């Protein structure tokens, strides 16, 4: 179970936001039903290919969401969960809010991709509230997304602006869901999280030893647990 | 609170099934949404007038049900809860079983008309099962109908073939719902039931005193509780 | 993953012994007769079947019961004039029955699809069907705790599917189809017609394709009237 | 009873002080702007408002809050870049907030309409929003007990109504409309168009007229795009 550099994939440099989005997109299995959270996860849609045949869900009531609308295609009645005008693809469907959240809460989505403040070693997610005194809380669909999807992927930078790891032993921010995150995509590495702790699938411009120095929880290398080739769910 | 012959409406003779159905139909307020149970209650639909603008619900998934279908209008995909082919009126709508029972269970139906084995003095209903040893039970939507509608009307003969009153102090048959029946239409009288016991609204070819001899629970006359004119809900 | 298959035999081939199988339909409307026949042929046994009834006459579900392939029925209305195969098995103690008020059946199926772990409902309070169940006074009424009904497989009938598996139904044949599709791990649908993706108005889709796994076209299965004729 | 009225003022005239009012819409899509404006004008106060948000900018719900007419908000996402009126009232302790995960908000509204007294859901388990709530281990997961949200009045927007009050919506403007219509004692709907009874296909009706009490036609309110333009 020791960290060995040769047991996992590596690349020369940290990944930018778009490279990371491309990687997440590539990891989504063909035919999947996916919900992309507001912010960085939205970038993933730019890299999904037609061959993948991915269906996007937006929790305000639609399956088969297309790209952001521009020009004459903008229709105020057709928006995504971030309230951005979007388009409709052939084979789309509309439904009311309870039916839409039933899709999510009933475990029918294959993957949900979310941003995060922190992810704990066992997959607890904190992404809804800083907990700062006086801050007005707002949760939206974050807790439903965290709890409902079969797989919850997080996209974030590994470190805060102050240099602290966002992968933590236990979340210090208020949690959104308990033990829900299955995979964390960061600029420096991809992590698999679960009841057994954190496994590193690949690193970007950093050695495993250097990574372990940044992250305050024990890291396992993917090969050690037979996950080398698990690039897609 | 004594029974006084002059305080309620009377007629010369017991009512036949069709006369009773006509009376129930007349008592349904204009614009009501109504579910008519299988059997005798179905007759009520024959006497609803266009001016009443009643919308019929069938729990297998439809509002705006029309009369029984005949000849070329018979369509196997368009049936009522009794599995009889029916027709569709303008302004109808279809929905799935959970949405259909939500209409009933959510208290949105104004009136449900049901048959019964027994009704207790406080409105308990027994109409789903004789409780006979070896009998195979079947409940269908009876318990949902009994519990969900704003008003539950029962239509039945007052007496069993053996001459026993079906209005009883407490049901000896297994109950379908507790305290749910608000009105009982029989061949001999119309009764209002509720937490305060049984009130007679009108009699048919029988005096109140004679009626009291048949029914083993104390009867009040409608005028005594100010219900003389409550012909419609 | 969504599959389109060429035969009802291929559609049901994956159903395993011991499965819980939901079967759509209310009366003949919406009954997936051909899928049920294929289930009979495929030999799967030790089944728990969820349906409104417990078979009628000498066809479909009634034959599955007759052949001893159903260990348990979850239904609201087993006893009918022509439910003789169920009646015989039940009286012989060879089939288990969970009798559920029809609205509870629908809501429990809906709960399974919607990720609800259990709910309180007034239906059945004070009756023998609520005996032994937890009760609670809520919203001014006594209510009974009911739990979701999950299934391994749902066999349903719809009118049309498009290339994404989106479904529309026809009249009261809709009944249990949409909620069973959502409650089962594998949903197998027979349709009268398969239309190109984009041919169904997104406003009018009743069951989104996310709930559908296998689609098979059965010619002439659009209307129970045709079946009965 | 179903009423068709000629003005939004007449539509909201019966709303009493102290009412719980559900307001449809998610973002601008499906917001019944004209009904909200009429509610502001009619003077009803001491309201509990159920909406996904807590007002934006200087219009509609935000103005109701600014004017001190809302004593409590039940919503999932009050804090936005332009929610300054809510923010000010909240920081001043002049408005109560019940913050509800969006899916719980939808499901609790649905429960009210469907006669469910309460339900268990995994959403929110282990979070501060579930503090003090009953929890139970069901279907392999810890779940939280949630109760229905009933309302006196719902203000919603649909695309069309027919003479029976049946409604259809447009695209993602459907959102909370159908479940709020079912959860409120009185449902008031603004539509872009009123069509003859029979003009809506019964297969495609989204909200059956049984859930609708008052309909008012508001010209040009069919698309939020038109409102924004």
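Annotations for the structure displayed:
Order as written gives the chain letters A, B, C and D; numbering starts at 1 within each chain.
The criterion applied here is as follows: contacts are C-beta pairs under 8 Å (C-beta built on N, C-alpha and C of every residue); 3 or more make two chains touch, one makes a residue touch a chain.
Everything quoted here is computed from the prediction, not taken from an experiment.
Think of each touching pair as a link: the shortest run of links from chain A to chain B has 2 of them. Centroid distances built from C-alpha atoms place A farthest away from chain B. Centroid to centroid, with C-alpha atoms defining each point, chain A and chain D lie 30 Å apart. If each chain is reduced to the centroid of its CA atoms, chain A and chain C end up 35 Å from each other. Multi-chain contact residues of chain A (touching two or more other chains) are listed as 62, 88, 94-95, 98, 102, 104-105, 148. Under the contact definition stated at the top, the residues of chain D that touch 2 or more other chains are 107, 114-116, 121-122, 169-171, 202-203. Which chains touch which is summed up as A-C, A-D, B-C, B-D, C-D.
In the complex of the two chains, the chain D residues touching chain A come out as 26-30, 76-80, 83, 86-87, 90-91, 97, 99-107, 109-110, 121-129, 142, 169-179, 206, 222-228.
Touching chain C in their complex are the following residues of chain B: 58-62, 74-80, 83, 88, 94-98, 100-102, 104-105, 124, 129, 134-144, 147-148, 174-178. Interface of chain A with chain C (complex): residues 30-31, 33, 55, 57, 62-64, 88, 90-95, 98, 102-109, 148. Chain contact summary for the complex, chain D toward chain C: residues 107, 111, 114-122, 136, 138-139, 141, 143, 147-148, 150, 168-171, 201-204.
Chain C makes touch with chain A in their complex at residues 1-2, 112-116, 162-164, 166, 182, 197-198, 200, 202-203, 205, 208-211.
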